[in-house]
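What follows is a set of structures for review.
Across the two complexes that follow, subunit A remains constant while its partner is subunit B and subsequently subunit C.
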Partner chain A sequence: MRQDDFAIDNCLKCSVCNAACPVFGVNAQYPGPKQLGPELERLRLEGISADTEWLEYCLGCHRCDMACPHGVGVSEMIAHAKAKHHKPLVRGLRDWWFARPGLLGKLTTILPAISNFALSMKLARFFMSKVMRITPLRTFPAYTKPNLRTPPARTSEDRARLLFFPGCFIRYNRPDLGRKVIELLERNGFATEVAATECCGVPAAANGDAAQAHAMARANVKSLVAGVDAGMRVVTACSSCGYMLKTGFGGLLKDDRELAPAVQKIAASTLDVGELLIAQSDAGMLNTDFQQANMRLAYHAPCHQKSQGIGRPWFHLLRQIPGITIEDLDAGCCGMSGTYGFKQEKYKISVAIGQELFDSINASQPQMVATECATCQMQIEHGTDFKAIHPVEIMLQAYNGKII
Partner chain B sequence: MKSTQVVIIGGGATGAGILWDLSLRGISAILLEQGDIANGATGRCHGLLHSGARYVAKDLETARDCLAENRIIKTIAPHCVEDIGGLMVQCPQDDPAFFEQWWRAAGDADIPSRRLNAEEALALEPNLAANILGAFTCPDAHVDVFRLVLANIEAAVGRGARFHTYSKVNSIQSADGRVRGVGYSNTLTGEKHEIACEVVINAAGGWAQEAAALAGVEVPVRCDKGTLLVLNHRPSSRVINRCRKSGDGDILVPAGPVCILGTSSMSVPGPDGLTASPEEINYLLQLGAELIPGVADARILRIFCGARALYVPAKVDSAGGREISRSYALFDHETLGGVGGFISIVGGKLTTYRLMAAAVCDCVAGKLGVQSECTTGKVPLRPVDDCKAHRRINELLPLPVAEKMERRLGPAVTRVIEAIDARPELAELVCECEMVTRAELEYVLGEASPIPAQTIADIGRRTRLGFGPCQGTFCGYRAMLAGFQTHRWTASQAAKEFSSYLHERWKGQALIQEGKQVEQLDLSHELYGADLSTCAYSGEPDGK
Partner chain C sequence: MESNHYDVVVVGAGLSGLTAAGVAACQGLRVALVATGPGSFVLGSGYLKTQEILAAGPADELSEAIAFFCEMAQAAGCPFEGQFSSSRHLPTILGDFQSVTFAPRPLWNAEPRNDTSTAIVGIRELSYFDENFMAERLSDQARLLGSSCTYSARQISLARSCGAPTTTLRIAKRFDYDAGFRAELIEALRPAAAGFVRVLVPGMLGLCSREQQIAQFESELGCTVCELPTLPPSIPGLRLFHLLSRHLSKLGVELLQGFPVSKLQIQDGVCMELEVASPGHPMVLRGECAVLATGQHSSTLLGVDCNGHDEQMHPLTSSGSVMAGNLFVAGTALPGSSGSSGDVMEILTGHRAGSFAAATRGHYAAR
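Our next item is the complex of A and B:
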């Protein structure tokens, strides 16, 4: 018998997952992870049509999995059911695009200026709202030329080599952030190579496109495995990509006997940039050549960072910079969840979930918010007047002495 | 004093079937049940609608009856049946000669069957043991016993028949060698009542001897205990039988969301106070794992025992339970020199309940001089679904909830729609495992339902509330509150009701030795203040 068939047997109906669910917290109509996951799973096995619109409202934040004391694997059950959920045509078309940020990136970055102009045009946004059901209340991140490349080796010394998995946001929207990651790692003695990878597959899984998620997982595994076999570690600067490489591929490709060993190796070799640097710090090997700063920060831990089970490396790293005071907001999920917050029918829920975080930022009154996730940053800037940036940028500024 | 033509003792499948049959023949009848519907063997079986496959090799007549009834029940009560089909699995541990014997006998009994090799069988049921040799298909199905009994009663009540639960017959009055009436008392309130009647039918199953004694006669019945395990989910999607001479632990029936594994067979003195032993449970699990290895690690929700009331003709009195025929016997005590107007029906199977009812009703009709034919094989137990109600309930409730409720309630779903339309908060789920809304719960508790639930366990038999993994820990509490808030129970009644319900649910889990259900039971004990070491219940839930 397949082991995963037993996961529903683990549920004790304790509702801890419901208590941890951000959507359940703001919408009493939402059935909650306990019902959408293990409870409906029993009925699905019975052959009852347990398809419900609410499956679409799962954020995929994995807070239920983290909360569950019995290893039910709630979100995976929901994701499976979501993949089988039947959507109306228009939403299906929209979600098809949302599941493919890589393709969207490749197309829009052919002529970024025109794309950005089009995306900001009122008429275009009106069309997207009315026809594509994309909320006009948010702004899209600007696209730029995808010019992130592996830098030429600067020194001749033999450095530990890393494989950088940039992800779509860095590749198509913020290649400059990618270069900063590489520079930060270089200052800590690593040589970094940009991996030739596709989208990690999180947006595909979140939009219920299992086939696309599988395709992305397979392509990425094939692309990364040679480097990992050669002893390179993989680093990510996006918490969702990191989650996918560490855990998601294993779930998606569990029936693929050919790729399973590679998936395991990649999972074991993948590190968040912060995770790598905090390990350097613990070993007394972190470059602490920081300039004196003077800044008050607030830190928000993205859900997919939490679900990696690595603590809060960036919070502890930034604290080491002299002159920086940093508060861990610990105010739950931001509610953005990638493309979720862009969907017209989910916009209100998305903002309602973020309210606790917005309130705590407003109470903290920092000069800036630090968070690793690009869409958490978007949500924070959407819901408050504060700027949110990746901790990599702050740390690099500290080396360069550019922090106010 | 109430009066009627016929009083039926026993609200199992047979009694309910008789009530429906009599109502179709225009004979007035009252059914008296000492507990709730399907309180005895009916409610404590696999819920297997036999295709006869299990009996072909031993008892061709029973097999043929089963096959015919299997087809009829699928037609007259589709809402009670999950027509999932079955497999007779050939295990390497068993006698290969029997496989061939079975195949020939199945042909003789006209049981539609296909021969599958191991690969084909495993493709259909991937969780079967990898070492199986092959399988035969058969048209076995699962029948929801509570729903089947309810369907018969509801249909009969719709035609003027009456049904009283918690009514124990204490006396049978007779004069001039004929029955004249019965006396019974309400086991919840102690109230005593009498009914005048011309015929009394003893369909009391395991309690048949007790009922016969009230009329001063004897019936040859033996009680045979069977223990069954309820698994949390379905490891197979079909009924799995082991193709061998009928033995223990060789049937697995997917029943709604759960799966039932059983049984054992053991002679017992009577149907009350049955318990299973740990050895018996391990033995069943071990046998179940020979068919489906995953069973060894599966979560058991509950363990229960039932007593088959087997008919024992004098000559086989010394044989074991498995050797005794599964066929039934009808005793017209008038022709046997006993009291006139007293009929006993014993033995038989759930699958043949309608056939047994027909035989009884033919006999009753003869006695009452009513010219009639049995039509229960043709008349559907439930009218066709109301399309308008179907659309509306799907607007009001999410799909799985609507689908489950519609299957359970049928036309009565309109009552629930009215309730939710008037008070949308009634759409709240009370039992999350089995998808029972507050509106449905209030309906089965209320006087609008044909046989209102008296206890929380009664609610379970009507809705499956508390039949899921939590075993009433959360939903039982909510049911108690609902009973109190709708003025069904006073605060102290509600608290007492919940306490006894919870103890009954705990009892069913107490013998489970390991796995998640032990933790679930622990959670239940902790929530309601019981000490694990003694399992003594100390807390009183607050009915306010």
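Our next item is the complex of A and C:
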């Protein structure tokens, strides 16, 4: 998180990071961020590998960094060690795929109907569970034809232009959500271009595949830099992609002299859609042509939204829609953490972490849960009977008057 | 109002920052609390000692500040007990007693009461708490204080549910979310508590547990349960932090945790903006006024080399002039504010700075 801060002497062993760690709370054996991060880092700096399987169990939620009163980049140390961790063959193979949602997306969306059928087949799921160690208790998101395109330019208008970084989930699973993002931005006076980008690299980093994360970062920087140089801002609708663009590229490419200046520029130009719209709202330029709604929402802030340090833009935006009441659940991490919750050996931990969130949703009884992160949505729908959707969809519905 | 515009921006989530934010929020102001983590009080016992500070003077203001803080803690679900006119002897992890004026309720009840017998319960899997040592020391120390209170050591095992070795932090987290674990803990404590009016356990009764939850635990066990402050991490301290943060959030305070304030923009004697060092690009906050409760070391990093403060808690430059009319300072960011009444000093100065900041409402309208 704080790429330049590896000052482990700042760690006073106060355990505030352990208190904030979702995994530490639910697993009695997990050593916790204090030990996996700064404590073992001392050995690793001496050239002692101190490798442990527990490194794989870090969610990458960055709650330890956010809680540390002394600015120690705890999760960064764990991520580096995770990249050097040796996995047994089967887990290694599975995580190789999990590190490449872009490749998986490209392959499965050649014939999405067949892929979805295969992914839902009981036999296939049994096989994946036994051989690939992927839990059969979850359903995969459906794949669809990747048909998200830049809408035709409206030459008559002089609009601010944005580059949209869709990310794998929007590109391969929910291109309709991507189109909604573009429409929402258009209603607020922006012309949006869909960037020709790869996976952001968060899944690769989370699965300990540093080379792949590095390759993705390079490809994305090269693809985005021209637009950013031309003064375009980059918008994301996925909190993990946004987090990666703002921090991760810098960490991965910090020794790359050629790309480092571009990395910084991209980080400075990247905005979450909500962050962009709340700035519009502050400038009195938000389109507030909302129809009257009548809806009770609960809001869950994804970890990678929190770790962008941008406050709660969507919480405040949705509150502006007349007839919407919204409660910030503030119930911690959902436990899904991208591919983590799909892994058989981590499924139980994932669901145990989510329990506090599930309980708070059940207590709140909203009509719907709003959250920016696709895998938080999956986890909420897995653990409760409530529907979870992206705030973009709610805001667009409010313009169109289609809200309940 | 703009989303990033606040009446009061408080920097730092120690006791002074939390109190200042509470004071401003209770007056209906829009408040942001920016912090990188909890203040160092979370490492401490939660005991408030007022003797030293009372000797120094401002009794009326102090009682107002402490009353405000106790009200806030009560509303947050973590009530403090005590009164200025008397103090109590409360046990420490070293097995002696400290004279304390105010303390959170589970700690407050641990005083040596005449003619009572108390079980000190250790946990086999918790290596750093020695119940035999504690019982022997506290019995001796109580005798020296002229009390006929006796302490006996008992031990329970939580190996089945917690594994070994364990920590108070792990136990506290389980206590929070796992009703089954609380039931197991009660069953384990029941034989140890038999024949005693109260049990003393190391601080472990939850990181977020409110008064009612602890009271329910006690009623199910049928015995008063008191906590002893332990080595850091102090569970009672973390609990106070979590509950106060949640309470402030309910009052409408925007909690911006995780990134430090990296820059104060001061222009013509007015603090115009604060920059938070968020990744990618800074988050800019505008405030009618700001309270710096950054602790001892961070304020200098912000260019506020606090050379003292005036009566309204404005930090002064080395030449003795006010740095900015809408900038206030509280807590250990003030020079010379340490000593055994540190926590009380935090509350007092936080209350004072928060009150002055709230009173400037409208003077420094957004420009």
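Note that the second predicted complex is superposed on the first by the 395 of 404 C-alpha atoms of A that agree within 3 Å, B and C clash if a C-alpha of one lies under 4 Å from a C-alpha of the other, contacts with A are read in each partner's own complex, and residues count from 1 in each chain.
Convention: a residue touches a chain if its C-beta (ideal position, glycine included) is under 8 Å from a C-beta of that chain, and two chains touch if they have at least 3 such contacts.
Keep in mind that what you see is a predicted model, and the values were worked out from it rather than measured.
Peer 1: Under the stated touch criterion, which partner chain does A:T270 make contact with: subunit B (first), subunit C (second), both, or neither?
Peer 2: Second partner only.
Peer 1: Should A:S360 be classified as contacting the first partner (subunit B), the second (subunit C), both, or neither?
Peer 2: Neither partner.
Peer 1: Examine A:C68 and indicate which partner it touches, taking first as subunit B and second as subunit C; both and neither are also allowed.
Peer 2: Touch partner of A:C68: subunit C, not subunit B.
Peer 1: Which touches a greater number of subunit A residues, subunit B or subunit C?
Peer 2: C
Peer 1: Which partner does A:S307 reach: the first (subunit B), the second (subunit C), both, or neither?
Peer 2: Touch status of A:S307: second partner only.
Peer 1: Would you check which partner chain A:K246 touches, where first means subunit B only, second means subunit C only, and both and neither mean what they say?
Peer 2: In the superposed model, A:K246 contacts subunit C only, not subunit B.
Peer 1: Of the two partner chains, subunit B (first) and subunit C (second), which one does A:V16 touch, if any: first, second, both, or neither?
Peer 2: A:V16 contacts subunit C only, not subunit B.
Peer 1: Just checking: does A:N116 make contact with subunit B only, subunit C only, both, or neither of them? Give me first, second, both or neither.
Peer 2: neither
Peer 1: Is there a shared patch on subunit A that both subunit B and subunit C touch, and which residues make it up?
Peer 2: Touching subunit B in the first complex and subunit C in the second, residues 1, 14, 70 of subunit A appear in both lists.
Peer 1: List the residues on subunit A that touch subunit C in their complex, please.
Peer 2: 1, 14-16, 18-19, 24-26, 28-29, 65-71, 243, 245-247, 267-268, 270, 278, 281-282, 306-313, 316, 328, 330, 355-356
Peer 1: Along subunit B, where are the residues that touch subunit A in the complex?
Peer 2: Touch residues, subunit B against subunit A: 126-127, 232-235, 237, 254, 256-257, 292-294, 297-299, 398-400, 403-404, 429, 432-433, 435, 468-470, 473-474, 515-516, 519-520, 523.
Peer 1: Touching residues of subunit C toward subunit A in the complex: what are they?
Peer 2: Interface residues on subunit C, with respect to subunit A: 2-5, 36-40, 42-43, 162-163, 166-167, 169-170, 173-174, 176-177, 207, 232-233, 238, 246, 249, 254, 256-260, 276-281, 283.
Peer 1: Sort out for me which residues of subunit A touch subunit B in the complex.
Peer 2: Within the complex, subunit A contacts subunit B at residues 1-2, 5-6, 8-14, 31, 34-35, 39-40, 42-43, 45-52, 54, 70.
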